[in-house]
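You will see two complexes here that share subunit A, one where it goes with subunit B and one where it goes with subunit C.
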Partner chain A sequence: MDSGLTRDRLIAILMLLPSVILVAIFVYGFIAWTGYTSLTDSNALQQLSGLPAQFIGLKNYNDLFTGGLNLRFRMDMVNTVFFTIMFILVCLAVGMGLAILLDQKIKGEAIFRTIFLFPMALSFVVTGVVWKWLFNPTSGLNVLPTIIGLPAGGFRWFISEERWWPFAWQDVPLILSIIFLGIAIFAALWYWSKRRSQTAALLTALALLLLAWITFGSPRSLSGLNPERPEQHGFNVALIAVVIAAGWQMSGYTMAMYLAGLRGISEELREAARVDGCSELGVYRYVVFPLLAPITLSAMIILGHISLKIFDLVYTIGGGDNLYIDMPGINMFFTTFRSNQFGQGAAIAMLMLIMVAVVIIPYLASQLRSETKL
Partner chain B sequence: MRTRSLFALLVAAALMLGVFGLASAQDAALSGDLEIFSWWTGGGEEAGLNALIARFKEMYPDVNIINSAVAGGSGVNAKAVLTTRMLGGDPPDTFQVHAGAELNSLWVKAGRMEALNDIYEANGWMEQFPAGLLDLVSDDAGNIYSVPVNIHRSNVMWYVPGKLEEWGVTVPATLDEFVNETCPTLQAAGVIPMAIGENWTQSHLWESVALAVLGVEGYNGLWDGTTNWTSPEALAVWDMYGKVLDCGNEDMNALTWQDASKLVADGAAAFNIMGDWAAGYFLVDLALTPNEGFAWAAAPGTDGVFMMLSDTFGLPKGAPHPENARAWLSFLGSAEAQDIFNPLKGSLPANTTADITNAEKYNAYFQSAYEDWTSNVIVGSQRHGAVAPAAFDSGFLNIIAQFQGDRDSTTAAANAAALAIQTGIGG
Partner chain C sequence: MNTTYPSQASAPAGQSAPRPRPSRVVVYGALIIAAIFFLIPVYMVLVTSFKSIDQVSISTMWNLPTAFTLESFSRAINRLLPNFVNSVLLVVPATALSAMLGSINGYVLSKWTFRGANIIFPLMLFGMFIPYQAILIPLVQFLQSAGLYGGIPGLILVHVVYGIPITTLIFRNYYAEVPTEMLEAGRVDGAGFFRLYWDILLPLSLPGFVVVIIWQFTQIWNEFLFGVTLTGTGQQPITVALQNLAGSQIVEWNVQMAGALMTALPTLAVYILLGRYFIRGLLAGSIKG
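Moving on to the complex of A and B:
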């Protein structure tokens, strides 16, 4: 009805305008600029000489995934995936455990809560330095058993060169397509069981296509690397040290989130479950955990984007050039400012942005939807 | 009336100074800011820089010095800030840069540096600085772009004489002797034959190995394109380097260069190849006596060759206070400044008229190093920016890290060759 430019609306627009303009320039404008730079051969010499950057299409991206000199980037990708999964699992498990323990109405809860939250107050740099000392294989935690007369530990922590679950980079497309196949089959079965045959039929067709492609086509050829020389990757055991340090820092925060969630579950609900004959474990299994699901999702999103962007912790622990715990953020910094290759650095930055976006955007979208529902 | 006459007097005085052109008086008239950009933020380096600034302040009391040193990462962070500032049109008045490719292949090539020939001529430095060093800071047309402050040697091997006797080994003269005789003997005695630190110190070790295996001509050929990176000789460098790594400590990636040097001082390791900043560490931090608590030799197979690096300062185009920067650079190259700075930092003076024979200023190590500097064949250090552009040095660290894990000489050589092409070496 009052679609015209009322006074209220005008004020609202004027109030919003500065921040809209600033965000448009300094966030989205710069993302776009980075995106464009990633498509050029921009480098320090060229820029200092005042020469224009040449547009080279997706060459930087191609180099990162297939170039012989960019093994480091591919190691980063593998490291990031393993680190993110383990870091989130550790934080969720420890955070949930601590929260449940604190929720038992124990004495001095406030003190414990503060203690568990304390690591959050430290910067990752401090955490990194402290854990670097603790993890030093000849003088750190490994020496601990000798106090009670046991032999010193032999694990080499963050400088370990051990690898578990080895695979060749050439097999990554194959592994990914098998994972997709698994998801498609699982989803198809789920929809069949829900009797939504149209969606299920579509998914089944997709699964069959994938299966055919895996059997007849060769996803291996997608890797772009020489199939004769398998490039070995795997879970670098050194990452365990980083997971422990990062988990130590962020578990308290996860605990606080879960504790808030637990406090939101009314005692009546638990009582009702107990009256219905639920055991104490059952109360958690059927009442508490399902109600905590949204918290788990929020925690996963927050931890996920921290781990994908992690830089300082790994930099201080590994000194920058320890490839076994290297992360894309460090590689991006070195490629851009040490190798002076701005174009390729921008390409790594864009890939990091895409990874974070994959995690964040569905979350934001679901938040937006639930907000509009209200 | 009185103020006016005072003003007139001042003007007259200024004019007179101008007419007589007294150098000192003219310099004393300098004022305004002078921003000095470096990565000297700790230990002897910082002490040396501060001493230089204090002396400069006495000479030019009206100049306000801004010490913009950026800490960390052996200059990585500082170089990142510098690149950003230069690109953003906000250069400092003068900045630290290694002599050689680090200066030439980026700043000079991009035309961002002022030629300093007038300073060199006015101070008679053409004769005072070694010609080979001047070549490293000049372009082909003979324009000189920076003022060297110090000289460091990269290919030095450190050890403790008493300990070697105890273990029954002598300083190996060649790498073959080291890996085939010295190393097994020491390992059997439970001693680490070669103390090695994190990634960049491994790269530092590599250049001494490369120099030993390839010789001076072959090593220089890597940088001018006459030595093929995938030739059998270059492959042999990686094979030998792998053998030396096998003689190293297992926790190398967890140690800084100081940690690695300390292994030698503590008697846990026999040898350590590190630049001669380690001399300062042994002398000052660990309070050891030269030739007793620690001793040195050229890295095996590199006797008679001095692999050098040099910190220099230049004047970027568009510096806000070029006159102050020129005064600073004139001071920096003088024997006086070099004698203030180098004993504190623990390096050799680049200016040959410096008071090197003064044993109070320059200790036994530097007396002997200076002899080598003036008598040996000089080559440039790759790790420290003398022979290859920053893009190569940075990418090479990745190759070193990869090799440390897989020990695959063929891949390392192929990658180094690809990196050399990509970064325009030998082209």
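Moving on to the complex of A and C:
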């Protein structure tokens, strides 16, 4: 509508103002407050004594990554990485598979869709309670194979203490450096092939620097833990149980996103591809999948930020003291509200916020930039 | 359920040769297997919750109950009914308030955009993605000093405030579809901010309200983190009570399953009856859907 500061526009701004103030305080003000708390030694004793909390800089963060008492946090980080990757892969694969199946002009589509999507309406607490019963190692899912005459399964699900792909926490900086090196080399080759030699040369230089950094063993010095006593981590197999329960709940969401995308691809477009000699698989390979790529990216980001924050599902399944499926969100809750270490809890919360922000801010920016309505 | 996607299911009439498809048997077979997997927990909940406690043994977990009893339901209702009531007392006002707030905000941000709105809106939206752990410590301290800690009114306030981003987003996108010319016409007739909203926009808003109300109802009913940190005994919403039931020392699986069913029923009913709107809210959560 018309621009300029009319009386009505002023009213409009005044009507929005309460929400803006509430968000400014409850989101940004509180984040700043948490950020400050994370730089102090605030805890229950200090609060009882009535003395102000001491400013201790980044000590809480330092402790989380290198402190002898904070093994739990480092397990959480490792668990979060493995869980997030597996959860996203499962939801994307199942969601896309179901969407493609439902797109085959089948009878009873509405019924199937309802079945695949109903878990989305449930609370993670309900999902957790029910799957906990199903994961009962002596019965539950493990006895299902006996129905068709196979031996019962022996997997202990969420109480399994098995660990695959072991590595030491001291090696994490090295592992990360090697991953960055791989990405830099790949990107450099990509830009060389595109004949963007300036970018490519820059990336090659970066890769060489990283290589030198790795060969002279510098990354190891970053870990801060005693190199003589390697702290063992790895993929905790118990996480598979959480991935199954979470995938059961969230796959329908990706299915709905993909289905909406598939319905947006016109039959004419597919027909044109067939006329050009595409097989039915070729239609998917060359027409459908490229058009679904933006949906995949959105789904990855939405699912990724859910898994970085996950709390209730793991709390319900593991009860809060099963470290093999522990996550930062649970650690923060127990550190803050059970052990009353507010400073430490705030530091965990800030690290969670940073992880989510890294994923969400670029997404928000790109979503809103591509919008012309603003 | 009556979910409808824009369907292109029927091929044009003139097109006689059906396009070659993967074998129908494979498609239906895969769908049925997937459906069975998705329904296993439902089967388990129903089978277990109709058993009496002495029938619930690990060796007969998958069997149908030998005698149907409602014992576990009466026990679950005994334990959870006060919390069910708490959740209703929480969800109804919180949903109504956040829908109204979202509607006004959406109206302003879609029809009265001002300089700086395109900075304020993304900053608002970020609020719906943050891990709430990052605001929890100040939130507890704030509620304590305001005398709202531990009770349902405080929880209502929290859900309304953190619901602002998503309700604003849904209404803003919904109102963006309403042609601005309709409002311009009203303005020519001398209608101001409120008259335009009341006479022109609000009568068109029903589908928007349905989407937002369903979304907020489901989210708030299912929420756990705020419930467990901000309420005291007796004031807890049902998700917290269910978790306490499941975490207790005596494991009565039949009562737990009945409790899970009881917790799930309201949102499940909404989903079955109004699935189309539920999915719209779901897809709105990914900004553009």
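By definition in this document, the second predicted complex is superposed on the first by the 351 of 374 C-alpha atoms of A that agree within 3 Å, B and C clash if a C-alpha of one lies under 4 Å from a C-alpha of the other, contacts with A are read in each partner's own complex, and residues count from 1 in each chain.
Operating definition for what follows: a contact is a pair of C-beta atoms (placed from the backbone, for glycine too) under 8 Å apart; a residue touches a chain by one contact, two chains touch by 3 or more.
This is a predicted model, so every value here is computed, not measured.
**Q** Looking at A:Gly282, would you say it contacts subunit B, subunit C, both, or neither? Reply first, second, both or neither.
**A** In the superposition, A:Gly282 touches no partner, neither subunit B nor subunit C.
**Q** Thinking of the overlay built on chain A, is A:Asn43 touched by subunit B (first), by subunit C (second), by both, or by neither?
**A** Only subunit B; A:Asn43 stays clear of subunit C.
**Q** Is A:Asn136 in contact with subunit B, with subunit C, with both, or with neither (first, second, both, neither)?
**A** both
**Q** Pick one for A:Gly234: touches subunit B only (first), subunit C only (second), both, or neither.
**A** It touches nothing on subunit B or subunit C.
**Q** Is A:Gly153 in contact with subunit B, with subunit C, with both, or with neither (first, second, both, neither)?
**A** Neither partner.
**Q** With the two structures laid over each other on chain A, which partner does A:Ala12 touch: subunit B (first), subunit C (second), both, or neither?
**A** Second partner only, subunit C.
**Q** Output check: A:Pro173 vs subunit B and subunit C. Expected answer is one of first, second, both, neither. What do you get?
**A** A:Pro173 contacts neither subunit B nor subunit C.
**Q** Using the touch definition from the top, say if A:Leu323 reaches subunit B (first), subunit C (second), both or neither.
**A** first
**Q** Who does A:Phe337 touch here: subunit B (first), subunit C (second), both, or neither?
**A** A:Phe337 sits against subunit B and subunit C alike.
**Q** Name the chain, either subunit B or subunit C, that contacts more residues of subunit A.
**A** Larger number of subunit A residues touched: C.
**Q** Of the residues on subunit A, which ones does subunit B touch that subunit C also touches?
**A** Shared contact residues on subunit A: 132, 136, 138, 319, 333, 336-337.
**Q** What does subunit A use to touch subunit B in their complex?
**A** 43-45, 47-50, 68-69, 71-72, 132, 135-138, 156, 158-159, 161, 232, 318-324, 333-341
**Q** Any idea which subunit B residues touch subunit A in the complex?
**A** Listed in rising order, the residues of subunit B that touch subunit A are 73, 76, 79-80, 83-84, 86-87, 105-107, 109-112, 198-200, 250-254, 256, 390-391, 394-395, 397-402, 405-406, 411, 414-415, 418-419, 422.
**Q** Which residues of subunit A touch subunit C in their complex?
**A** 1, 7-9, 11-13, 15-16, 18-20, 22-23, 26-31, 33-34, 37, 94, 97-98, 101-102, 104-106, 109-134, 136, 138-140, 143-144, 248, 253, 256-257, 259-260, 263, 266-267, 274, 280, 298-299, 302, 305, 308-309, 311-312, 315-316, 319, 329, 332-333, 336-337, 342, 345-346, 348-350, 352-353, 356-357, 360-361, 363-365, 367-368, 370-371, 373-374
**Q** If you look only at subunit C, which of its residues touch subunit A in the complex?
**A** Subunit C residues touching subunit A: 1-3, 5-9, 11, 19-22, 27-28, 30-31, 34-35, 37-41, 44-45, 48, 58-59, 61-62, 101, 104-105, 107-114, 117-118, 120-127, 129-139, 142, 161-162, 164-165, 168, 176, 180, 183-184, 187, 192-194, 218, 221-225, 228-229, 239, 242-243, 246-247, 253, 256-257, 259-260, 263-264, 267-268, 270-272, 275, 278-279, 282-283, 285-289.
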